[in-house]
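Take a look at these structures.
Next come two complexes built around chain A: one with chain B, the other with chain C.
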Partner chain A sequence: MSPARTFPGGILLPAHKHASSATPIRTPALPPELFLSLGDATPLVAVGDPVLKGQLLAAAGSDGLPVHAPTSGHVARIEFAPRAEVPGHRAVLIPDGAERWCERTPVNPATRTLPELLAAVRAAGIVGLGGGGFPTDIKLAPTHPIDTLVINGMECEPYITADDRLMREEAGAIVAGMRLAARLLGDPARILVGIEDDKPEAAAAMTAALAVADDPREIVIVVLPSRYPAGGERQLIQLLTGRQVPSGGLPRDVGVVCFNVGTLYALHRALALDEPLLSRIVTIAGGACREPANYRALLGTPVAHLLAASSYQPARCEQLLLGGPMMGIPLDDVQAPVTKTTHCILAATAAELPPARQPQPCIRCGLCADVCPASLLPQQLLRHAVARDHRQLERHHLLDCIDCGACAYVCPSAIPLVDHYRAAKAEVRALRAERGAADQARRRFEAHQARVARQSGERSARHAGLIGTSADHDAPASAPVDAAPVATDLLEQALARAGAATPRRAPLERALSAAENRIAQLETQLAALDATATEAQRNGLRARLEQARLDGDLARQRLLALPAEPSPTPDGNPQ
Partner chain B sequence: MITSAPHAHSGLTTGTVMQRVLVAALPGIAAMVWYFGPGTLIQIALAGSAAFAAEAMVLRLRGRPPGPTLADGSALVTGVLIGIALPPLAPWWLAIAGSAFAILVAKHPYGGLGYNLFNPAMAAYAALLVSFPDAMSQWPGPRPLLSDGTLPGLVDSLQRIFTGQHAAPDGFTMATPLDLFRHNSGLMVQQFQTAHPLFARGDLAGVGWETVNLGFLAGGVYLLARRVITWHAPVAMLAALVLMALLCNDGGSSASRGPPSLHLFSGATMLGAFFIVTDPVTTAASNRGRLLCGLLTGVLVFAIRAWGGYSDGVAFAVLLMNLAAPLIDRITVPRAYGHGRARQHHGAPPE
Partner chain C sequence: MGSAEFLTQLPAALATLATLAVLAAAVFGRATHADRDIDIDIDIGIQGLQTAERELAAQIEDLLPQTQCGQCGHPGCRPYARAVAAGEPFNKCPPGGHATIAAIADLLGTPPLALDPEHGREGPKLVAYIREAECIGCTKCLPACPVDAILGAPRQMHTVIAAECTGCDLCVEPCPVDCIEMIPAPVRSALMARDQRPPVAA
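And then the complex of A and B:
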């Protein structure tokens, strides 16, 4: 019996999938250079160092993700990456073509404990490969009991066939990854695999792999009608379980965790074979490519390299997109590297994706509302977004929009609705954050007020207790008498200032402490470098250190410019 | 040029939507021409071109590029609806005054396409009805009830419309079914219907009128099939009409306000249900809101027909509900994904 239900709205899209799904996944030739974004992670290798495939290049930075060498070779440069997804430094690796692995120590995952497995997932740098990019180890350590594991094999956006091909060719590994995920999640009662009905071969391969696996749990492959955006995490959960992820919440809030099939494949490789995440499947599609196909691309491979392998014809390309036609973003640099979330490069001709028409006024026809999978009223949202009526925008649940673009796809007036919503969302979020900061400042002030009152009470109590016996104190006679009134004066002053001063003080204080932390961190890094580091590395660190110092000074100056806050604990900054 | 997702588009344009509305009106128009003469076509041509010209003029005055807005055909739809609503042999200036009022008063002062509060065609119809009640109530009788050759042909119609030659008693003007029912004096519904040839020779609600309504119903079904409109407003309006008629029927006594079939298939019921109440600009946004709007429109239509000062009430009912639509929008915001009853509050401060 199929537990499939439905979700509201959605649209039927021309799939355009056969062009790239017909051929097996290709392994492209090694590119001449790989570009690996380091973000703010600390490099563990220096320029010129030889590296082995799978070797750790940088420990986890603030995103919690380590960087590995996708193949063997040497580090040619470490440079500033101006247009990287995460601005920061990047390592340029020149492959030697030998594909020599670093030492791997595969251990049967069944013999390892859960914390060991989680640590291994983290060390492998696995993130959600469906496009979310959320660190997988965090999802695998849920804070809520999970009763359903949802596997996303939908791939509902046109042109993209990376998951389809992977399921056809690696179903066994995906099922193995699925069982590992289930174990890490505390063995949820059921596992539901959603696959769209335009991928019968993938569904058959997965069914066969499950039969081999012979798992005692309830594992159901649910073939669902192709309807965009059925592969959206929230829509798929609704389709398979009938549950809705609460607004602003996560799937685990309703006892569900959802993984993309590619992520499970990576999980299996990491835990069973001790391979970090070094490559991913990328669909190269669109009419401007003569041979659309899927590639097992090493992370850091320039997009141009894959396009060339598919006989890309730039002259025919009207729009080059990172992603599919519904949610992709324009790619202006073909040298941009493949990242963990790159699932498709679409080189579309003008016939496939004609340029957008001039927008016309909204006639409120309501087609957008009919197709909205989140049951929003896009036409009303547009009206309120244009009017910047944030109260109405929140009342109409703007923040529950998932950017799927179904509304703009059907809009007869060709209004770029998603654009309007994105801008409005940024405004609403900023307002919310401001409100949150104000609330926090108010709470902080109230706590402070209570503390001052308590301390002043304690002091006067102490004073009252002491006064009889303090005749021998040679303090000025007036001091003890004045203590309490001074405290209340300060309190009143602080109260008068509360509205203005406190909310501005809090972010500055945070900025200052952040800058100080960064300075300390960078100083230790700089000290640790000395022996082997190149000039480029050292200069980079010095520049960042200088920036951090400037930030700190600025915050400090601004703080000093504010009227002083009464501080009962004089543990201010030594500087 | 900066492009943003989604990069694909269904290809549907406002112009296509308006074309479908015009196509959907064809069966009803054909029925009108057959039963009431070719005057309707002349009225449609007059009102349509006047609306088009007024739109072009006002866009020019407002400094807007007229091309794309004229091409979308929304002004044309307004004009065609006015032409349908006018008596087929009404003087030419009625159509022109109506279209001018629709575009210059009801549409553009509010901001033009998409921003008008009132349905322009109905606002114009109401303005004409209260300003020129006589000219607006001269409907010819349906062809089968007239002796051969009485119903004016094309040339005769043109002459009457442009020169106003109707000094002599014309011999073809006749009360509409709704007029007749308003002035029913003491007959049971059954007797009344057998007594009057308009009903005696009709099956549902008076010969001619019922066919015209069936024509617009067919157009409505087409619009539903092409997903130009949703079923909510029309079904709710028709259901409310039937319900009200049943409630006030009291066994077909002489005080009855007419059987449900009369209300469904006479006057402007089907035109209103599928072409007017569904006007997306002036009705509620959500499907729930449209249900409510349609329902209340149906109740108002019946109330005006039964107890009001006019024999038909579609225009006034629609205008009143246009006024209420923004309020209805406020109270019918649909429950979005993730806002279930067992809603969890996130981001709330601890404790």
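And then the complex of A and C:
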């Protein structure tokens, strides 16, 4: 089917998956409180309101994601959560234990049109559950023709078994979700399912489910050797199709869309059963938990609740991570809620994740470059990240770093490379946003100037209309005219004159006297500043004074440059 | 022309491209038809220089914060960029501050300058805020805003669209009731705790 397909770099890691993959997915008891981050979504319920499971709590904000009640109960409070991953407001829901559903109206997806299905996906608030958190409805409405749908069942990071368990237990629903996704994507020619070779049970379950589904399309389950980070979206696409997603691009640029198996499961639940995304599978793992397992956790469940269900022993925990051992970030607050992208909580003992060694200087061994799956130059990136040379960082494609942590894992000097890159990426993104804002300001300034020019043109046109002088030049293209049709000719003539003729004396004289007035006023103000005035106030006044002087000088120069005779244009009724 | 004479003329000849070219033509005795070529060369040279200056101005403009505040003494960021490209000192932009000065110095290949305090001090990004209870709806601040970020109509309360405000300060002065103040801009994207920098190896 293809030449040898591989991705650059990568490392072999001990899997540590058996502890949590042996037991079926557990449903934890309802937690006493659920914490639902609202972002800038608009709340539709008030404090004290009773809510039903699946009820819309807040209408989608700028991220396009609505917030639903994961269970029935009432809204205890809406509060500010400064310690959250993204600080903002959150709703606190106290479950009543009844799990009463709101009204659901399941419709056979086969009878619905594509726009209806897309709207349903959006309303269900589904995002990529593999960790990316990208809104699924956007991925399902591709702008490019898609010939390959890639299903990600790799789960390459050690300890994590959420997708493994889900494939073993819900393969039928995943396949149903896969077929819905394929339909929404315009029936791509082939569907490739990537599963790592350390999950034979999952591969077998998926194969069986596919046999039952009996889909006429080319659907291939590809069992791939375990190599971290083979489950990265770009790496998996390269492994399965041989295509490289371009730097700064998206999989759809090479005709591919990739979904995690958990996302497909949620898609099936949303479209076939009319259930919004209310829960997800979370792996609780690590030696500091006596019973590592996977949980079907309601969104908003405090992490501490799941840890307690797994007999968490804080005393043995060296590092508590949100995520796996490679990409996880330290979790300071065990009351932090499960979100749509929480796939693992790792409570690692000191034997599993020893405390970070003191970083030593880089010895240029080059191991990091060997293992980088994105073919980046980690040494160069580190140098530029430390120097905060954002231009060089962008030139070295920092933003193509996928945070996999392979470089830091192999570094003999124990340099936390990926932490440097993560910080640098945040800075580069902030700078880009700033640059975007500056471009926007420039566009608005140019639009403002164009409008001012047009309005002054229209004003002189009104004057010109009285005497009807003709002009030799065309109206400047930069000054569009949108006056009544009758006035158009006059306007054009006047605009042409305004663009070509020498400036008139009266406006310049007005500008000069205005500047002089301003100078006098500012000088008085400056003199009146007493000792309590701040340096900033003083400087502000001085700068404005300087500006006024410059304006005055400019007007004076222009006046001197005018021909001795006043301009022949009558200065009708100056404003 | 003797070589000694040539050497005495060398400094002057280096002063301009034109002189050098004429001199070279004279030395090699190609004056008759070479003159015309030289003229053309010079024309292209000067045009090239002007183009280069324009391009440089555009590159400088891209580095400026686009506040359009006029604190540099120029009516907007583009005129300042042109002036800098033509040789004016590039330390007159307080909103851009040291970062902008360093970026321009980098572009020009010269050492950075200290911000000229004549033009103001570097500070946190500000936005204008209209105390709406005091606003009388005079519309005087509207034309002052270089980016049309103030919303209002005669005898209606005005307000600043904070997301579009560049913090240029130009609307403060025209207000007859002094109801506009500059407040720190809301933080667009707070760095998350996990995006903090790790310590660097000793």
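To be clear about the criterion, the second predicted complex is superposed on the first by the 403 of 575 C-alpha atoms of A that agree within 3 Å, B and C clash if a C-alpha of one lies under 4 Å from a C-alpha of the other, contacts with A are read in each partner's own complex, and residues count from 1 in each chain.
Criterion: a residue touches a chain if its C-beta (ideal position, glycine included) is under 8 Å from a C-beta of that chain, and two chains touch if they have at least 3 such contacts.
It should be emphasised that the depicted structure is a prediction, and the values quoted were computed from it without experimental measurement.
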| item | value |
| --- | --- |
| Chain B versus chain C as contact partner of A:329, first or second or both or neither | both |
| Which superposed partner A:405 touches (first chain B, second chain C, both, neither) | first |
| Which superposed partner A:361 touches (first chain B, second chain C, both, neither) | both |
| Partner chain in contact with A:386 - chain B first, chain C second, else both or neither | second |
| First, second, both or neither for A:419, with chain B first and chain C second | both |
| Which superposed partner A:353 touches (first chain B, second chain C, both, neither) | first |
| Which superposed partner A:448 touches (first chain B, second chain C, both, neither) | second |
| Comparison of chain B and chain C by chain A residues contacted | B |
| Touched partner set for A:439, first chain B, second chain C, both or neither | both |
| Touching both chain C and chain B, counted on chain A across the two superposed complexes | 329-330, 358, 360-362, 413, 416, 419, 422, 439 |
| Residues of chain B defined as touching chain A within the complex | 1-10, 12-14, 16-17, 68-69, 72, 74, 112-115, 227-228, 230, 280-281, 285-287, 329, 333-340, 343-344, 346-347, 349 |
| Parts of chain A lying in touch with chain C, wherever the complex brings them together | 85-87, 329-330, 332, 358-362, 386, 413, 415-416, 419-420, 422-423, 425-427, 429-430, 433, 437-442, 444-445, 447-449, 451-452, 535-536, 539-540, 542-544, 546-547, 550 |
| List of chain A residues in touch with chain B within their complex | 7-8, 11, 13, 158, 234, 238, 244-249, 253, 319, 321, 323, 325-330, 348, 353-358, 360-367, 369-370, 373-377, 379-380, 395-397, 400, 403, 405-406, 408-414, 416, 418-419, 422, 439, 443 |
| List of chain C residues in touch with chain A within their complex | 61, 64-68, 70-71, 73, 76-77, 94, 117-121, 123, 143, 145-149, 164, 166, 169, 173, 188-202 |
